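Each of the next two complexes has chain A plus one other chain: chain B in the first, chain C in the second.
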Partner chain A sequence: MEPRDPSLRRRRLLDRLGLAVLAGLAGAALLPLLHILYTVAVNGAAAIARSGLVEFLTAPPRPLDPENPGGIGPALLGSLWLIALSAAIGVPLAVFAGVFIAEFRRAGLSRLVLLLSLLLVEFPTILVGLYVYTVYVLPRQRATGGVGEGYSLLAGALALALVMMPYVAVQVSEALRGVPRELREAAFSLGASRLKTVYRVLLGVARRGILVGVLIGLAKAAGETAPLLFTIGGGFEAYPRSPLQHGGAVPLLIYEYIQQAQPGYHQLAWGASLVLLALVSGIMLASRLLVRRVRL
Partner chain B sequence: MGLRERLLPRLRSRDDRVFFLVHLPVPVIVFMLLASMLAVILYMSLPILEREGLRVFTSNVWRPSDDPAREEYGLLAAIYGTVYTSVIAVLVAAPLAVSLAVAIEELVPRRLRGAVEVLVDLMAATPTIVYGVWGLTYLAPLMKTVLNTLHEHLGWIPFFSKPTLTGLSYGTAGVLLGIMVVPYAAAVIREAYSMIPWHLREAVYSVGATRLEAIRVLLGSVRPSIVAALVLAMGRAMGETVAVSLVIGNSLNIDVALGSPGTTVSSLIASKFKAAAYYEYMMSALFAGGLALFLIGLAVNTLGILYIRRWEEEMHGAA
Partner chain C sequence: MPSEVLVVEGLNVWLSGKHVVKNVSFKVPDRTVFALMGPSGSGKSTLLRALNRLLDIYEEAEVRGRVLLEGVDIYSPGVDPIWVRRRVGMVFQHPNPFPHLSIYDNVAIGPRLNRMVKSKRELDELVRWALEKAYLWDEVKDRLHMPAAKLSGGQKQRLSIARALALKPRVLLMDEPTANLDPVATEKIEELIAELKREIPIILVTHSPEQAARVADYTAFLYYGELVEVGPTGKIFTQPENPLTERYLLRRI
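== the complex of A and B ==
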């Protein structure tokens, strides 16, 4: 039935128009991502196909060789070192901090720690890089002498751990908050101490939520570039033999190669972008599946 | 109630005291970390501050020299670029993030909601360097066409007063940042929007509001969260480094024209860091930039977080 009231007709027209604009803007918000996924997939796959997947993932880069462009092996190894080391340093500390935030949530001290952690999450990651450069790289540089010394994968891992820790700590505290009170009381009634109750029982119950937080923290760390600029020292041709040596990482390789003039570098950068995006989105999707299972 | 009672938890037994003591390193480490970060950045910027005073923040000059007496650095262009690009980013992100949040809550069919959520998650998870590569290869040429067309037809408006040769410009950097911060802003807005109590929705519809009118009223009720989301997004945009440094053109230039190249504090640090080791004062000047970034970011983010907290407390208080 068509409404007689002209103002009502106007309102209905406005309603449709407004909702269309809203839907259009929402679509426009997603459009860049879709185009990024498409272009990274197309350009990346073309670059990787030139050397073959295994070669691309393991061989050193030969950007100026059109016959055999090689791959990103050394940088990928560096990234794996960085992820493993930053997780080994950051995750235990983050769980420890998350427990503190959750267990004393009424106390002002714990709220303050939560507030500072939230601030640290938003802290520009380039400043974290400058910080680790000053307190870790520079002293080593002065000890060995010479500009360009002192950089190491370990320094990069420290920076990434600092980037990831506050986020994971907040996530752990949220996961612990969701554990039912009865479980804690049951553990206490069996005579367990508070330490045992929290670390043996509650963390186990909240493990999925904690794992999701840890995974997203790792995905963030794997994709970070800025904290690595002043810490790992670079070098994409040679495989890092030890985390105490300088090395490359996939995001840093992309950053340096995309700024070169020759197209051989650009192709390697696109291929590396596809590898990085696949790695990060794989971790994200895994964490999402975990969340869904929790809800069921 | 004294400060001590408010700060420290109530410890009822020996077991509680042990638990607290074991975890005491947490607040100590967190405080020391933040304090030492600030101290390190301050300490490293002292040489340039002693030499130039606050002029390092208010002048626009970059003169490295082998003779330390002739070196001079001023960060004004970088500070301007950081603020300018992040303001553009917020203006770009605001309508997109609000629409995305509302569309997911109101318009997307339940079956498709999971798929859209995955896309938004992916948007947040995509490494910033990938945004940078895309921005340099695809967005910059597109922006070049757009900005040059706007310059041709609307060149009398200061924002469009200059054409761009490469597309690497304030405008491109701002738009790229805006795209990048959409998922963060949208997440905060969505959370607030989904927490709107049912009786408010029912009340709006019961007086005969159309869906658009209802959405406008409901969005009005979460306005503080929208502000907070945009403030947080702005903080993120200001701290971003590699994506911006690839598309901004890296030149010390203060201009409102969206087509002119510029720089930001973080891309200045990224691009000058390698050379800085060879000069007496350049490294210190870069740390002074870090200090400026820290202070601006701290102010913006503190405002944002406090705003969210206050809003959450009000919501819980009302419920």
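== the complex of A and C ==
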């Protein structure tokens, strides 16, 4: 090539310009996300520092006491109850549904389950909350007779399980379908039944994909607010003594407190936001680290 | 002349309505290697999967005809496909030990699934026997509980063979077992085939006529689902009766 190719300079310039535009656009897309993280981190850390981390995570809130603002203990306990219960209800059912979708395709019902799951993944979560309110909370309210009765953490967990299940089921079925055909054939060729092929071989090979699906489902459930609005009944000051009683949750606390007039509430809401962010990212991070990848 | 362990009579297979194995018949005598050779897409692998009823797991597959395993038609209504698969071992094109299991568990899974052993000691002995048969014992005896995924390609394929042997099958099906191996590993597998046929018949699918010539006692040439010619390997390679066979061996098709 000519050492002084006249077009070379121009092409280099264009190349750099193209790269700069791409980097700029990528940055612009990331900027809001980074700004959210930054805002939550700064405001949240300041709020938590006023009480101290342990106090903030365990104590009940005292939003009107500027000297001793307390924390979000009861709401956090409620959230932990909700995550544990919704996982206990939703994960086994979702795993069964995922196995059914992936491995029993012969049955028409399996296609219906897949279709419903795909539909429900994008279902407005407030409708799920309304549904549980109608079929679970209201009947219990009528049975006990009192207004404000019937709400419970269990009702919220049911709603969260409904939000999480279709997502986890689809993830599980995808993970199972990703298992190479010859591994599936090898299991059958050894005299395994369809069910044994699933639980002795396929679930093991696909364990990483399945666990990631389950954990992301949990993270989704941990951050949801709408399914809790009509189901758990709230209560951020008292610790829930049992899942059959009403209680609070961290996302709901944020929603309620940020609407109050006094700055004490806002600070607690910011601190709670950071806790929620840490909780959800913690679950996500765990899903990346916990399971060693199965090397094929 | 040894007796025939496997007899295929008028076997037809359709996949999603497409006729891929057309009225195929052949006999596999005991303690021989029977090669099914043919170009890719000729239906060899599908035919092989009809011999242990593995095609049953695909709803799009339809099989008609008779496959007699020691005189029992494996497609007759009273026969359980799991019973068939336990007696007909299979080795695949990609070395495919179960990646989430250890070397030991890969061999033990067949006997465990089929409740073949009563004690841990009996299982240990069976695993050792199968690994020795597959020429793998000496290489892995000190690391039986390591994940199978850490073995080399050739070792993985021998582990797959040990896994199949642990069920003490009456016939061994091998679907291009060296297609993904280097020449050294291929040679080892071929030696192993020669050793194993002293006890059980082996049906070997291969796309390489050279491999058929090296290891098989009988060779069948399959072309677009039809069995063009079958006979003793020496005869197929030196005096093919069908011009198609000759053209295939000369690499003209």
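A few notes on this one:
Assume the second predicted complex is superposed on the first by the 252 of 296 C-alpha atoms of A that agree within 3 Å, B and C clash if a C-alpha of one lies under 4 Å from a C-alpha of the other, contacts with A are read in each partner's own complex, and residues count from 1 in each chain.
Going forward, contacts are C-beta pairs under 8 Å (C-beta built on N, C-alpha and C of every residue); 3 or more make two chains touch, one makes a residue touch a chain.
Just so it is clear, the structure is predicted and the values come from calculations on it, not from any experiment.
In the superposition on chain A, contact is made by A:116 with chain B only, not with chain C.
Comparing chain B with chain C, the partner in contact with more residues of chain A is B. After overlaying the two complexes on the shared chain, residue contacts for A:125 are found with chain B alone; chain C is out of touch. When the two structures are aligned on the shared chain, A:100 is found in touch with chain B, with no touch to chain C. Of the two partner chains placed by the overlay, neither chain B nor chain C lies in contact with A:239.
In the superposition on chain A, A:193 makes contact with both chain B and chain C.
Of the two partner chains, chain C is the only one touched by A:204; chain B is not.
Of the residues of chain A, those at positions 106, 193-194 touch chain B in one of the two structures and chain C in the other.
For chain A in complex with chain C, the residues that touch the partner chain are 105-106, 180, 182-194, 196, 200-201, 204-205, 207, 294-296. By the touch rule above, chain C contacts chain A in their complex via residues 49, 52, 54, 57, 59, 82-83, 85-86, 88-90, 92-94, 96, 98-101, 109-110, 113-114, 147, 149, 160, 163-164, 167. Touching chain A in their complex are the following residues of chain B: 6-10, 15-16, 18-20, 22-23, 25-27, 29-31, 33-34, 36-37, 40-41, 44, 95-97, 99-100, 102-104, 107, 116, 118-123, 125-134, 136-139, 179, 182, 186, 210-213, 215, 232, 235-236, 238-242, 246, 266, 269-270, 273, 277-278, 286-287, 290, 293-294, 297-298, 301-302, 304-305, 309.
Interface residues of chain A facing chain B in the complex, by the touch rule stated above, are 11-12, 14-15, 18-19, 21-26, 28-30, 32-37, 39-40, 93, 96-97, 99-101, 103-104, 106-110, 112-113, 115-120, 122-128, 130-131, 134-135, 147-148, 162, 193-195, 198, 216, 219-220, 222-226, 229-230, 251, 254-255, 258-259, 269-270, 273, 276-277, 280-281, 283-285, 288.
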